[in-house]
Structure formats: structure tokens, C-alpha cells
Amino acid sequence: MPESRKSRLTRPETLTALGIIVVAAGFLVPTSDLRAISALLPAVMLIGLIVLSSLLLLADQRRAGEGVPATPMTQSPKRVIGAFLLIVAYALATDFIGFYVSTAVTIPLVAWIFGYRSPLGLLIATVIVVGTIWAIFDFGMSQDFPTGRLLGR
Amino acid sequence: MHNIFKKTAIAGAMCLAAGAALAQGYPEKPIEVIVGYSAGGGTDVMARTAAPFIEKYLGEGASVVVKNVPGASGQIGVTEAANAAPDGYTLGTFNLPGMMARTIDRKADYDRDSFTYLANVVNDPNVIVTSKKSGLDTLDKLLEEAKANPGAITVGMSSLGGDDHFALIKLQNATGTEFTIVPFKGSAPARTALLGGHVAMGILNISEVAEFQDQLNVLGVATKERSQFAPDLPTFQEQGLDLVNGSMRGFIAPAGLPDDVRQKLMNAFSQLSGDQEFLDAMAATANPVEVVIGDDFKQLTSDLYDLAKGVWETTPWN
Amino acid sequence: MYNDLLHALPNVFALTNFIAVVIGVIAGIVVGAMPGLSATMAISVLVPFTFGLEPLVALGLMAGIYNGAMYGGAIPAVLLRIPGTPAAVATTFDGYPMAQRGEGGFALQVAVVSSSIGGIASAFALMLLAPPLSRVTLLFGPSEVFWVAVFGLASIIFLLGGNPVKGLISACFGVFVSVIGSDPIFGNDRFTFGRLEMLDGINIVILLVGLYALPPVIDLLETPLKTDGVNSSKLGTESIWKALPRMKSYWKTWLRGSLIGIWIGILPGAGGSMAAFMSYNEARRTSKTPETWGEGEPEGVAAAEVANNADTASALIPALTLGIPGTAVAAVMLGGLLVHGLQPGPMLFRDNPDIVFGFMWQFLFGAILLVLLGGSLATNSFARLLNLPRPLLGAVIIVLMLIGVYTIHGRMFDVYLMLGFGAIGWVMDRLKFPLPPVVLGLILGGFAEENLRLALRIGRGDPMILFQNTTSLILVALTIAVIVGPTLKRRYFDSRMKM
């Protein structure tokens, strides 16, 4: 049974190919401001991306027409999105409230959310990791990590 | 957004405090010098070599800490220095003509009035060199060939809008010649192309060719007097060509530095040129010293800006 | 010169100088083994400190770190499919399948022995042949270097994977990323959107950490088994003396990989990853059983690892003699040399023989120490780390990724950029887009463009400049052979079959 129109368009490869085409076309706009020789290589690559993605799109749609089901990108989208959001949140927290605080919170938090829940293990791991980083980078190599834009220096 | 707000707030608070608190005990905490390049680069080595001597001449247990903020040919670092609080605890390194050229060929968040000019410390004069394979072993031969075949001579140099480029433009204007520019990423690749004979001529700096004098023809030095770095090389003026140009590195602070702090810092910098130990350390790291203090440094910067601006208006390079 | 070489030796064995090499190798292995941390980063963090150190202590540390990290990068490449350093990408091809088969221990032993051999060969090249090899570097002007880059890019066709369209999309993406930043000739911005942070281009480490480390981390969190039962508990490690005889047949690969690594090292700009890719491709091309490559062929690990260590010391040949570093790490090391007043050039060897030749010895000893320190100690302890509960392992790698990317330039902008590449990397991973073409495209795309445009300027616009000398023509012929060779070979066999 052929798939419905909507699910044909939401196949991962189709979506990706469409995404690449849109983004590549977007990047093509500023190439017109560049000198010809400067724009040549990027423009060729972007056009290449558009052509290749169109091929990918066609191939995927043909498979859809033949009724081949698309393989889902993940079995547990919630976990993947959650993991990615946590990593982004960690980067933002480092930027705005400082590296050491964020790290000391993130390690146990991530491990706990994703299923490792031994309090002692979490404590030891956090202390070891943060302590080692401090000893090597801050104490040993006087590398400054972000102290947090919100807190000032 | 946050950043700007915070900076204005801090700057405001600092200005209020500056007059009263800073006058006596400066420096009472470490002075940070922002270097716009990675550790180990020419400018970084200059800053780190100079740091202990500045500490010595500031006295009172001063401590100078180098902070590397690399990226965009030093522009990120110098922008940070320009926007720092003018309290004397944040200084920056400054490269000429690069830092001024960037305000012309690119959008920059600073201009020549954003700084308190402390001291220029290094002046690395340009040299014209030719490849052994080219057969152009004197300045006369080079200019003759350039006049006979305009554009036929390829010139290896580091990127456009730098000191090498301005030296070439001065040469072209002074002699009515025309060359083909081949801008490499940095001087070392340009020098290698010269050694391999892939380009005929090069414009480099004296510190970059001092070790390679046997493998290249060095035709002259763009200084008024012979450089101590290679005293046996003649200047262009000796050869009847008025060409003086070089790459300069110095120290700046944000604009609006309190007068007594500025005086104290300039005082410390001005003693550098008389310190033999400092001169030796700089010579060992390929940094020919020429100290220019305060207003003279500011004038120098201004002149270079005008030159770059003039060049840009007639022949923009990008 | 050889006299100076011997003369420098006793100083190398001074206690502090020797300890520096040992510490360097250990630190290098650790740094390389940490996903996210790279040798470039470790040495650039170290450079400011070397101001206060004796020259040979500082240089010994750097030589040790460089050698150690080139092997260390193989550890997560084999165990987690995360290359610890850019040069270890090719090690994942066969190393990870081996680990999944329960032969991770043997893969790491092959890696450490190969790394060591490559390092030793490279150190000898540096010690004995630096001046003649630097003359080889001089033969390569912009047009010749352009053909080297094209030759490297041609090998992308072997890395396309099962679906050539996806492989080519990856390659185009990589090349496109390589042009971001300032234009190589005019210096105007390309696709930087006014961000100064992007003017110098996208650092390979940022892209690599995003593409290669983030997807496996998400995997670790997505399917939280208690521990990673497949590949960590059964490393299958046996004594290295038992493992060595199994490696006897790799000598050809080692020899070829060493030569390729040394050659890539003396050419400015390309670096360890290209050496590893090329060595891998060449070894596979000449293998009798090319179909087992990519499925866990130990010789593939040997080919990649021997080459990425073989360009360590040789990358210093152009760095020391001409001031042009052969790899990103050598570029940072050049800074470390300048700090000690060691200016590259022909005089360097005359003015500071004890330090320069001592430094070369340190490279050699670093490479030898690699087997001793990397063999048992590192391999076993790092494998044990993988027994950590998967969510915890994932959390720790996230922190390391942030540190590794942040410390390159000390700015958060790079971290956000890395996360962006990470999202792209995850999609690519799930949809089976091959990642190696992205890496090669990034390394060689802009590099090829820059040299092509320099060559065209030298030729004043005449493209014939690209074909004007023997070196260029040889490289063109090699490139054609690489592209057409396999097809011709197949035709030949097919026609024989029909008869």
C-alpha cells in the first residue's frame, strides 16, 4: 500500500535532502557579492550539493513509491532530543554561569537522567573528573575557563 | 547585549574610581597584556620577552600577565583591548600597519582614537630579496627588468594589506614600475617559494631573511640608517631609492587612561631601549628593537593610517 | 653534522631531559586518548610554560606529547569509534570492527607497534636526511602543491561508502566548510556573517569533535545498557610478545606507510590525517584481500597508524630548515622553538647543535618509549575506563569535548560551532552518510584552492603553469592512475575471466 502524501514527505532522507537544498541555496545568495574567482569554488560546491541532494530526494521518493518503508532515525526520539538539549544547556550554562559549577552539575545530572543512579558512584565520578580538570588545567597550566558572563569576573 | 551593558557599567564605575584610587599605588594587581595571536608567535614572544622588563621598571612588585586572544590576524584581541576598562590593568599589543589597515578593509569595532598609545617596541624593516634563480642580483637590474616588462616579475609576500604590501606600493609609486603580487599565507611560505625559485622577487622583513642571506639575494633594507640586525646590508636610500617601511609591534592601552598611570607606563617602556639584556633577548627572538613612546607612536600610527587610506582609495586590495 | 648528532646525545640522557620525554609520551597518550582533546591543543597550552623551562626539557615534553598523542588517538578510535585526534580517523575503519569482534586488544597492539615504527622511521629521516629532504620541499611550489592536494582529493573516491551520492554530498560539504573564512588571496570574508571568530576558517578539531564525538555520545545515552558489554569486557588482550609474530606480514605496509608519512610530513600544510588516509588506501589497493578492509582488517590499523606517526618528526624538517611547518602540531611546536630563541633556518643547525640534535634524539626515544609505555600500561587502563556505566561515560566525554574545543582559542563561540556540527554529524551518522570525505574535503579543499590561485597568479592567469614541470606532471600521472587504475584492473580481470 503506497504511503500517504504526508508520510512520503516526512521520510528522513527526503527531509534531509530538502534541508540541504534549502540551506545550500541560502548560502548561494552571498556568493553574488564576491569576486568571480573567489566565489567559484564555494558556488560549485553549493550547486553540487543541490544537484546531489535532488538525486537523493528522487531516489528516496522512488523507494517510497515502491512502498519501501523508511528506516526511522532513532527508536527513542525523546532520549535523543533530551540528550542533545542537555548538551546545549551545558554549553550555555558554562558560558553564562561558569565552567566548574556547570560541570559539577552536568556530570551527575546527565548520568542520573540516562539511567546511572548510584549516588556514591555519581559523587566519586564528579569529584574525580572536576578535580582532575582543575588540577591539570587550572592549577597546572593556568588555563582560564569561562567564569560566567552573568557573574562577571 | 549583556556584554555591552556590562562593559559600559564596568567602564563607568572604573572611571569614577580611576581618578581617586589608582593614582597612588599603581600597579596594585596583575596587569594583563592581551596578545592577539597564539602563544609562540612573533608578537607573543615580544610581549613575553618584554614582560619581565616592564615589571622591573614599573617596580612596586608589578606583575605582567600575557593573555592570548588569537584570531582574525590579531583583530579579536585588539578589539578586546580597545573595549577594556581604561584603568591600566588591561594593555594590549598593537601591530602596524595591520591594525590600522583592518579598520579600512574590514568592519572593525575600533579606530585610531580607541587607544592610549604607550610605546612601539619593535620595528622590523622590509627588505627586497630576489631568488638566486632569477639572476636579478642588484636593485638596478631588478628595476630595469620591471620597467622593461611591466608585471612580469612575480613578488611573493605575506597577505595583502600588510607591511609587505605597503612597501611594494611605495616601491611601485617611487619607481613607476609594476609587479605581479603573489600573496602567500605568511612570510615563511613566501620565503620558501623564493628559495625554490617559484617566484622571482619577495618583500619580507629583515628578521625573516637574516638566517637565509646565503640562499637569497638581499637587495636592500627599507630603513633610514643601516639596521643593527644586519649591518652589512645597504639601505635603499644609500642606493638612491627613497623607501622606508616596516612592520611594527608595540603596546597600547584603551583610550582614556588616567594621566598618572599613562605616565608611569610610558616611563617604564622608555627605559627598555637602554637595557642591554632586553636588547639581547629581543635579538635572539628576531625582534629588532626601536622604541617610540607616547605621542610620537600616536603620530606614527596616524601617518600609517593616512597612507593605508590613500592606497585603499586609489587601489583597494579586496 | 653526524658528529654534532653524537655530540648531542649525552645531554639527552640528562635526568630531567629524559624524564621530560617520558612524561611527554604518557601525557600525549592520555591527551590523544581523550575524545575531544588533541595534540595541537595540548602543545599550545604548554607553549607559554616553556618560557620558564630549559630548552631540552620543553622540547622533550613536546616531542613526547606529539608521539604519544598520535598513538593515543587510536585508543578511542578502536574502542568507541571516536578518533581521539584528527589523524586517527582512518584508524576507526578497521579498528572499531575489530573491537566489536572482541579483538580490541590486538587492534591496539597493532596500533602501538605501528605507531612506534612510524615514529622511529620519521625520527631517523629527521636526524639523517633533514637537509636533503628540505631541498625536496623546495621543489614543491604552489602548482606542485596543488597537484598533491588533488591527488589527496582523488582518494576520496575510495571513501565514498556504499552510496556514492551520499559520499559526494559529504565531500562537497567538507570542501564548502573549508572555504569559510577569509579568502586566501584577497582576504575578503567568505560566509563569516561578520563574525571575526570565523575569519581564520573552521579549525579541523571543532569539526571533528562535532562530527565524530557527538553522535557516539548520543548513542551512549540513547541505549543505556549497564556497561558496554560488546567491546570492553572482552578486549582479548594477550602478551605483546605473543602478538608480535602475528604482525610479521605487515612489514610492507609499515615500509610503505612510513615513506608516505615522511613524504606528507615534509610537504607543508596537509598533515597527519592525509598521511593516514593515503597509506590506508595504498595498502588496501595492493592487498590481496581488499574486500576484508573496513570489516576489521588488522593491517588497515597498521597502515593508518604507521603513517600518522611517520609524519611527526618529518613535519619538523621544513619547520626547522625553512620555517614552514608540515602539520598543525609542528606549527605550534615552531612557536615553542622561537620562545627559546631557536629561529628556523640553515643557521639553526650550526648555532644550536646541542639543542636541535638533542630534540631529534628526543623524537627517536619518544617513539621507542611508545611501545613500552603505550603497550601495556595505557592500553589496559583505558580499556578499563570503558567499563564505566554508559551514561557516566557519555557525561564525561561531553565535558572533555567542551574543554578540548574551548581551549583551542579560549572562546565559547567554537563550542557552539562544534555543537552545530554535532547535530549535522548525528543526522549524517543515522542516515549513513560517510564522514571521512568531509574530513578530507575540509583539509584539502581550501588548500587546493589556495595553491591553485597562487599558481595562476604566478602564471599571470595562464593555466599552463600547472603543467610546466616534471614534478607536476608526475603528480598528474599518479592522480590519473589512482582514479582509473581500479577500473582498468577490473576490466582486465573481467576479460581474463571471459577467456
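Chains here go by letter, A, B and C, matching the order in which they are written, and residues are numbered from 1 within each.
One rule holds in what follows: a residue touches a chain if its C-beta (ideal position, glycine included) is under 8 Å from a C-beta of that chain, and two chains touch if they have at least 3 such contacts.
Note that the coordinates shown come from a computational prediction; the quantities given were computed from them, not determined experimentally.
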Chain whose Cα centroid lies nearest the overall Cα centroid: C
Most remote chain, CA-based centroid, reference being chain C: B
Length of the line joining the C-alpha centres of chain B and chain C, rounded to whole Å: 34
Rounded Å distance between chain A and chain B, as computed from the means of their C-alpha atoms: 41
Averaged-CA centre spacing for the pair chain C and chain A, given as whole angstrom: 24
Shared-contact residues (touching 2 or more other chains) in chain A: none
Multi-partner residues of chain C (each touching 2 or more other chains): 183, 185-186, 188, 410
Partner chain A, residues of chain C touching it in the complex: 45-46, 49, 165-166, 168-169, 172-173, 175-176, 179, 183, 185-186, 188, 190-191, 214, 217-218, 221-222, 224, 388-392, 394-396, 398-399, 402-403, 406-407, 410, 412, 415-416, 419, 422-423, 426-427, 430-431, 445, 449, 453
Residues of chain A defined as touching chain C within the complex: 12-13, 16, 20, 27, 30, 34-35, 37-38, 41-42, 45-46, 48-49, 52-53, 55-56, 59, 73-76, 79-80, 83-84, 87-88, 90-91, 94-95, 99, 103, 106-108, 110-116, 121-122, 125, 129, 133, 137, 141, 143-146
Contact footprint of chain B on chain C as seen in their complex: 44, 47-48, 51, 137-142, 183-189, 194, 196-197, 199-200, 268, 318, 322-324, 332, 334-336, 338-339, 341, 343-348, 409-411, 450, 454, 457-458, 460
Touch list for chain B against partner chain C, complex: 38-42, 44-45, 48, 66, 68-73, 75-76, 79, 105-107, 151-152, 154, 159-161, 180-185, 188-189, 191-193, 195-199, 208, 211-212, 214-215, 281, 284-286, 317-318
